[in-house]
Every structure is written in structure tokens, then in C-alpha cells.
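The data blocks that follow each hold one structure.
Both complexes below contain chain A, partnered by chain B and then by chain C.
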Partner chain A sequence: MSAIESVRDRYRTFDDGRYAPLVKGVALFGLLAALPTLIEIDVAGMELAATLSLRMLILTVIYAYTAQAWNIMSGYTGQFSFGHAAFFGVGAYATQALVVDFAVNPWIGMLVGGVLAAVYGLVIGALSFRFNLQGHYFALATLAFAELLRFVVTNMSELHGANGYFKPFPRDYGAEYGLAAFQFQSDLPYYYLIVGFLLVVTLVSWVIKNSWVGLYFFAIREDERAAASVGVPSFRYKLIGVAVSAFFTALGGAYWSMYFNTIRPDTVFALFKNVELLLPAVVGGPGTLLGPIVGSFIVTPVSEIARTTFSDINGLDRIIYGAFLVAIVIYSPRGVVSWPSQARALWNRVRGDEEVSE
Partner chain B sequence: MGHLVTSVAPLPLQGGGLGRFIDPFAQFLTDITNLEPVLLQLLAFGLLLGGVYALTALGLTMIFGVMDVINFAHGIFLVVGMYSVWLVSETAGISPFLGIPIAAAVLFALGVVVHILTVEPIIEAPQQNQLIATLGVLFIIQSAIEILFTPDPQQVELSLGSVQVGDVFIPLGQFYALVIALGTMLAVRAFLNRTDLGRKIRGTADNRDGARYVGINVRRINYLTFGIGAALAGVAGGSIALFQRFDPFTGETYLINAFVIVILGGLGSFPGAFVGGLIVGLIQVFGGYYLPGTTAQVLIFLLFIGTLLVKPEGLFGGAEA
Partner chain C sequence: MLELRGVRAGYDDIEVLHGVDMRVDEGEIVALIGSNGAGKTTTMRTICGILSPSHGEITYRDEAIHSKASHEIVERGIVQVPENRDLFTNMTVIDNLLLGAQTEEAKANREENLGEMLELFPRLAERKNQRAGTMSGGEQQMLTLARALMGEPDLLILDEPSIGLAPHLVQEVFDVIEDIHAQGMTVLMVEQNVQQTLKLADRGYVMENGRISMTADGDQLLEDEGVVEAYLGV
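On to the complex of A and B.
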């Protein structure tokens, strides 16, 4: 017991220390960077890579990234968005439209997409907040704005309608395979690129969280009227949250469009995309920094492994996935990252009971 | 829904530019001034479709209004209704019309089970959790149907034909669906307004805590509401099966439009759902005829967003349960 306690005490001193966030961040992203190598190590004759492919890791980190971006708006300011596919799709479409039709470098297209998405987010936010939509009504409004875009794009021949875009070769826009072209000939560089994206959005989240902006966000989430009464300009700060979140979500869409071969309105603006983008954050723990990342490493592999394992019965994977969703919101409404503290509380209670009985 | 419109001669696609937004409306106005007979036909189609849409929204608006839960599984409840009617008419040889009450009973039971397993444990939790839980139910049931009956479209063997009234011809399958929709709406309204249980449900919708204080068993009301909401989806799905082919994914478009109707008509309002259904049905039929592609759906979403912003309580919000 004393050994455990001393370790715990030492961890607490470390946790209060100045460099703790840095050390934790380095450890986390070091682990992420090492994952492609780790999954290829043989464990008792079984390669993890047999079930955890690099492609799946990329998908996992993409959704960790988008969930982290969603979290900035919905986790921190408490405005639950059910329409982030709008921003995701805008990023994907801006990138592809510019690179295919105008041979503009995808990095520039990505930034254009980010700005467009932020503007769209500001429009959605300004209208919804001005008219004071809350709860279900706000969620439905964001969903409507996303679905609206899906049908607009489907009916625009300028954006290739329902057929969407097919990713061009780098030479089509005067570039070579590599970072500058946003295209690689193998999956590994793609993986490190999305880990880099995740690092950036996590840093931005951390900075927001630890600044007065974050304090304003949390104040709005906990009690908007009280926050407003002590002078928090809630309208403006909710808009900041939406715009930042939309911008980063669009970058995720741009990455998506440069990793996969095609985008269509039915994939990037899909009804279900709205759910996929936010699910890791809800599962991991909304409003936390680690939640979206941990959540994605639970949600995405479960759905992918179910798909590959039960491929002979079409649909069985979604039954498992659905049951998993139900179970996770019922048994862990505050997210997976709350498990350690809950376990500690349980442990304390058990120990407390023992002391009483003695 | 598409086949409704294709039975009328389709309009040639307009050219690019601004004209494609203006031309259809100009065309519409000329047709009105010329009193084209096609307008009456479109009106009939719109009203028929709108009535069925209203019915698909009833269960959703009831659950939303009484329990404050957005039920994403509602779309798949509709599909279960369709398959129930199809199954009893295929295997037992029972008339699809008699299949509709059976679908209602099946869905009532399914609704209560789904409620006990997924919604009740988290009725006090953040709203997004209920949304995700009902979404999980959607996946489970949808895939189960896919595994049991294949993803191929199914059709109820029923050739009702159509009757011609003047220049307008009315497909009987849809006409019966509309009659069922109206009948169900009146019956549920009578139940809510005239029976003791109905009053308890309305009281719970008005004020959950208040209902508890005056001795209403809110838990039981929740079971009942979710069950009735699902049963209404069964009736709606069964009616749709009378005139349309369906597959496990048919529910999605109906679900989205049902949300639009619920907001348009006002949360928990039955007359609102009826009017909202008619509006959406008319936009879809007229838009499908005059506008290219699925542009009509864009109009529906613009209307939806406009309503949410300007009058979130809906056209008939507030008074009814």
C-alpha cells in the first residue's frame, strides 16, 4: 500500500508541476508517432498489423482530429452542433474544386476551404444565436444547415453534382508527389501528416483552454445568463468558438479529400458524417483535451474491426456498432476519460467501507 | 416519391446561369395564368403525399413534445411498419389493410422495449446522449432488417389502380393512405383530448414536474408515449407500403422530412403536423415538377431554417399536446 501511495504522491507532484502538460503531450504524440512501428511487432507470433492496419490508424487519427475540432465549439462552449459535416464538406469541396478545375495547390485550397467554412459557421452561429436557439432546436438547425449544403452541392453542375470529384494526379497541378503536393505514394507519410494536424489542433485547444477565452467558453457552457450578467460577451465568444471549430473541421475535410480518391455529396456531406465527426468526443469525454483522441481510438477501430471480421454477413458489423453506441452513452455518459476518477472514487468508497467495518 | 412525378411528362432541363433559378418560377406563373390542367394534378399529388408525410411526423412530434427526446429511430420504425405489412400479406395472405393494425401492435411493443432498454436509463442525461442512443437503435434495427430480408427493395402485392376525376387521376393506394392518415390523426386527437390517459399525457407534456406532483405516474406515461409514437410510425409505414417500394434505407428521407414537419407545425401540435405535412408534400411535388434535380429539397430546408429562426415554436406551437 505504501508503495502505491508514494507513487501516487509523486505523480501528483509531477502533475502540479510546470512542465507536466509538455511531458504528457510529448508522451502522447510520441506514442502516436511510434504506432505504425509498434503494430508491426510480432506478439507471440501474431502481428497486430493483421487487425490494425495503417489505413485504419489514419482513419482513427482523422476522426480524433475532427472530434478535437468539434470539441472546441460544442465541448467547450456547450453549443451542441449536429451539423459539422457542413464544414467538413466545404473543406473537401473547396480543395478539390480548386485543384481540379483551376490547378490550385491543395494547401491553398485547404486554407480557402477553412476560411469559407469559418464564414459559413459565422452565418449559422449569428443567425442561431441571434434568434436564441437552444438545445434540440440548435442541434436541428445545425443539421438543417448541413443537409442544405448537401442538396445544394448535389444540384450544382458547377461542382459536378452528385458525381463529385476524382482526386487528380500531382502533375495535373504542376507538382511532384510529396508534402508540397499534399499527395504521397504510400500511407506512412499520410499518417504522419494527420498526426501533425492533430498536434496543431490539440495545441490550439490547449491554448484556448488555458486562456481567458477558455474561461469565457466554460462560463457560457455552465450558465450563459450568469456569465452574461458578469460581463462575458457571450454572443461574440460563441461565434469565436464556431468559427475556430469550423475552420479546423474544414482542414480535416481537405485532408480527407487528398487521402481518399473521390468525394461526393453523399460521402462528405452525408447525414451520418455529422455523427462520425463528433462521436469520438462524446465517447471519450466532451470538453476534455484527451477525450476526442481516446474516444477515436475506441470508436473507429471497433467499427472497422467489426466490418472486416463479420464481412460475410452484410450488416452484422453495424448491429455491433449500434449496440456499442447505446451501451457507451448509457454506461459512460461523461466519457471514457472519466473512468479513472470514477474508479478512484469507487476504490475510496470500498476502502472507506472497510475502515468503517474494522 | 420520385415516381409520383415522373408519371407526368418531365420538363426539359433549363440552361445554366441565373435563368435556371428564374425560369421555373416564370414557367409556374405562366401555367397558373393559363390554368394548365397539370396544376390540378400536381395539387392532388401534393395533398396525397402531404397527408402521408403528416402521418409520419405524428409519432415523432408526440415523443418530442411529451418526453423532449429527439427520436432518430423513428425513421426505422417506419420501415419496420412497412416490412410488417409486407410480411403478413406475403406469408399469411392477410390483406395489407389488415396488416396495418398488426404493424401498429408490433411497433407499440418494439417501442416500449426500445424505450426501456435505451431511452429510460438516460432520460435525465444530456440530450445528445439520447440522440446517439436512438441512432444506435437505428443502426441495429436497420441492419437486422437487411440481414433478415436482404437490402433489395420489396413491394406489397396490391394493384389498386387509380380513378379519374375530371382531368385529375388519383392513385388509389395513396388515396387510402391519406384516408388512414386522416383517420389516425382524428383518433389520436380524440384519445388525447377526451380520455383520462390522454389528459395525463398532455399534462406531462406541459410540465413534467407538475404532472408528478399531482400524482401522474410519469414513468408509465413515458412508456405509453414512446409506444404510441412507435405505433403511429407503424401505421404510417404500413400506409406507405400500400403504394411505394421500400428497402431498409427508405426511412432516412422520411425521417428528415418528418423533423422538418415537426418544427414547421410546432412541437407536439397535431394540426401543425398536418399543415406542415401538406406544405412539405406540396413543395416536393411542385418543386419536383418545375425545378431541376432535387432542388425542391433545398427549398424545404430553407423553409425549415427560416421557421427555426423566426418562429421556433412553429405555426401552431404552444397550445396542443
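On to the complex of A and C.
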């Protein structure tokens, strides 16, 4: 990992940016850790908690986490997946099936789910990359593989069919409420747990981004044929991307299944789940480290607020939410995180023009 | 070193090469010339494993390579500089260069070679953190060449290295090729710039309609009336 950094460093004009990632990371996760307290601060009789509940924060960070996992594959290698609900659902189902039917600790179930999802990802990848599916066709193939699981699970009585699973009490699998049981009696520990998840996947993402693997990923995203012609084994690296991404997405599904009370095929494998999993990354800035997190803090609250505000007219909230997303995707395909640098460029241009006219 | 025997290849249903025979010996510069559409680029792409031949065989150091994937061919020491440059335009010069090192050996010497390339191509050193797409055509050509050299090739395949370049840059490119050949590199090149290429080349092949129509030493081809008439426009 550090090899490539040292090479780049040696040939980089010194830009004082050496510790920037660490500082930014500490600031970001410090802020995330403080958020539950911040939203309760009373400013002139108003507190943010009135509109932004802890529950919504948890939901936001869950989607930041899953978007970060999606980003490792689709943002970095450019293989746009529209079927991450498959991996999410596998994680959720593996965890619940093992804990309910076999009283296996959810942490173990989560890892089993992660491995299963990675294997499923390898199957999807091997099939579609072997037949050179790209762009829209690849996205549709991933969607088909996700929908396939929804139908299969709905019709499998061994997995409780359409009824899904109801999360058991810790004592049912011989545990007490707490970290070891993956269950808590209040929301706050859940929040810190998912922030921890986000920290892990962000670190993994950062390590990949700064490694040779990341360099190959970006080369494949830029121009796959060119990457192959310089000798990058693109098939293998695309598979690595899918497997890592699927594994972490499944852990998100496992968390989901331990936070909410029930899972059903039409919630964790839902068609719209595919969109929810990738949207924060697309809105925030695909292929960036910060994009999925920033994106989720825009997408998730807007979606929730639209739903609570316009609840009297059926479907209006979706229309407003949809219009909002269309606007972002059209006017800022590189995502919200590119705004500061674009604003700087604009500012420089404006200033440059002035200097010229003077 | 490299030998093609009766190679037929093409795209989908259209056969472009109708049985190509040629060989490149260790330490040579071999030129492949011919008019547009004769199949020169297709030949290059077939050697590099981007296309696979329907008939015939390609051997490299006595090993058949025509059914190998392109990254496996790169691992054996054949590196191509493609006509369209194939740079990663949104990545920096350094990252482009690093991506050129793909064999185990090249990876081990990656840092050393990087330093050497920046010395050999001072213009790239000036622009090392710039995105490749923002450079001029000549600089991009230099970068493509340097990236190929990062792979420590035994056989360097150049497809139109001087295409679209200003005359003084063309000379620069040819100088670099002469330099690396002097250091013992075997080179197979396709060029529109026939006169300059044949002066440099040990041997040349003339290609017509997907077949080799003539082969001789570079100097002999330069003196051949047919070739001069067809490709030098005099």
C-alpha cells in the first residue's frame, strides 16, 4: 500500500498534502460521532432533533456505508451495478436465517453472509465479464441477478417465503443485550456501531484507492481496452472489485436486519433498494472517498423529509424527491463533492476576466 | 524471435489478413509498410492478442502465442505502442507510466525505470503530475513510448509512432527509437513516414490487401522503384 504512495510522493512537487487525509478523516468521523449530541442542542427554542431524529441519522449512515461499498466496485472500476440489493439481501437473510433457525450469533451470520454475497458477486461478474457486458447491459444483468434472488427467496418456504424473518430476542440465541448480541435497547449504540462500520469500509476504500489495485481499477474505468493492452488483467481486477464490494454490502444488510425488526423479500431485495444503495454515491460523487458519505447526508434526509412533509397527497413526496435527484444528476454528474473545486474554478475565471479587462 | 506463419485474422465476419508470413529476429528493426487498409494495424493487434487469428500461427521464442490473452503476451515481453496512443487521459503522467510496468521483472524495477524515463524524456518530467489528456500530441506520444518502455519489453511494437506530429517532433521520436534500438531493443514498426523508417530499418515488409507482397533490406526497398512510386509519392 505505502509503496505506491512513496513512489508518487517522491515525484510529487511538495504540496503540504501529506497529512490531509488523516486530518480530514478525523474531522469527519469526529463530526459524525458528535452528531447525536449536536442535533439536540437548543438554539433559540429550536432543536434540529425535531426534524432530524437519531433514527434518521442511523438510516443516513447505513446508506452512506452501503454507498461506500458500492463505490468500491462501481465508482472505482466503472462497472455500474444496479443490483446491489442482491448482496444486501444475502447479508440480511444469512444473518437472520442462521440466528433464527440455528441460534448462530449474528456476528458470525454476518460474516457468512458477506462471504456468500462475495461468491454470488463472483458468479455474476464471471458470467457477465466473460461475455463482455458493459455499460447499460452490465447494469441490467446485475439488476436481473438481484430480481432473481427476490423471486427465489419469496418462493422458498425454507427461508419463510414472503413472510420473511422476525428478529429474535438475544436470549433466544443465548446472549444478553449488548455488542456481542448485535442488539441494543436504545438507538444510540446502534448509531455508533454503524459509524464504526462506515469507518472500516472508508478505510478499506482509502487503502484500495492508494494501492496498485486502485491504480488498476482506475485504469479499467478510464479505458478498459487500453488497460488490457498495457497488460492489466482486467477480468481479474473487475472480479476483485465485485467481490470486495459485495462482501461489505452484505455486512450492511446484516446490520439492517439486526436494527429493524423484520426483513422480507420485498424490503431487503426490493427493486427500489437497488436505487437506494447506489444513489448517495452517484449524488455525492462516484469514485470519490467523500462522495458516498456526503451524498447520503443529502439524499436520505431529503427523502425522509419529503415523505413526512407531503404525506397527505399520495406519491407527491416521490415526485419532489425524483425532481431533486434529476436536477443533481443532470447539472452535476461529478457529484456534490465537486462543487467546491468547480466554484473555485469559476471564481478564478471571473477574477481572471477582471484582470484581463483591467 | 517472432514469427507469423499463414496468419488469417479479421473482425467478426470480415477477414482482413489473408495469410501473413513474416519474422523478426533478435536485435532488428523491422518495418511494415503499406497503404491504408492493407492490414498493418490488424497485424499488430493480432500479434498483441487483441485479435486472435482464425488460421495460422504466431510463435515467439519458439512458443505459440496466438491463443494467449493480451496480458499474457505482455508478460512474455512483447509491448505495443498503439496508434491511437491509448493513454489514460484523466490520470497523471506518473500513474500512466506506472501502469506500463506489468511483468514481475518490470514491477521490481518500477521505481528505477520511472527515474530513467523522466531523464530520457525531460518534457514528461516537467509535467509529471499533470493529467495526460491535457498534454500536446507530441508529449502524449512520448508518454506512450515511455509507458511501453516501463514494461521492459524485449520486443517493442510501434504502430505509427509519428502520426499527427509536427516535423521536428517526428525527428525526436525517430531519435528516441534509434537510441533504444542502439541499447539492444528489437523493434517492429508500422509507419506512414516510409523514407525515414526504411533508413532506420534493417528489413522491411510491404503489405498489400492483407498479404505480404514484398520483403527486402531497408535500403533495397528504398531503391525499389515500385515501392518508391507507391509509398513515397515521387
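Operating definition for what follows: the second predicted complex is superposed on the first by the 341 of 358 C-alpha atoms of A that agree within 3 Å, B and C clash if a C-alpha of one lies under 4 Å from a C-alpha of the other, contacts with A are read in each partner's own complex, and residues count from 1 in each chain.
The rule is short, and it goes like this: a residue touches a chain if its C-beta (ideal position, glycine included) is under 8 Å from a C-beta of that chain, and two chains touch if they have at least 3 such contacts.
Owing to the predicted nature of the structure, the values given are computational and were not obtained by experimental measurement.
Shared-chain residue A:215: touches chain C; no touch with chain B. In the superposition on chain A, contact of A:191 is made with neither chain B nor chain C.
Once chain A of one complex is fitted onto chain A of the other, the partner contacts of A:157 are limited to chain B, with no touch recorded for chain C.
Between chain B and chain C, B touches the greater number of residues of chain A. In the superposition on chain A, contact of A:127 is made with chain B only, not with chain C. Contacts of A:7 after superposition: chain C is touched, whereas chain B is not reached. Applying the stated contact rule after C-alpha superposition, one finds that A:226 touches chain C and leaves chain B untouched. Contact with chain B, but none with chain C, is seen for A:314 once the two complexes are overlaid on the shared chain. Shared interface residues of chain A (contacting chain B in one complex, chain C in the other): none. Note for the complex: chain A touches chain C at residues 4, 7-8, 10-13, 215-216, 218-219, 222-223, 225-234. Contact residues on chain B toward chain A in their complex (touch as defined above): 16, 64, 68, 70, 117-118, 121-122, 125-133, 135-140, 142-144, 146-147, 151, 252, 256, 259-260, 263, 292-295, 297-298, 301-302, 304-305, 308-310, 312. Against chain A, in their complex, chain C makes its touches with residues 48, 50, 69-71, 74-75, 79-80, 82, 86-91, 94-95, 98-100, 102-103, 110-111, 114, 118, 128-129, 147, 151. Those residues of chain A that touch chain B in the complex are listed here as 80, 82, 127-128, 131, 133, 135-137, 139-141, 143-145, 147-148, 151-152, 154-155, 157, 161, 271, 275, 279, 282, 313-319, 321-326, 329-330, 333.
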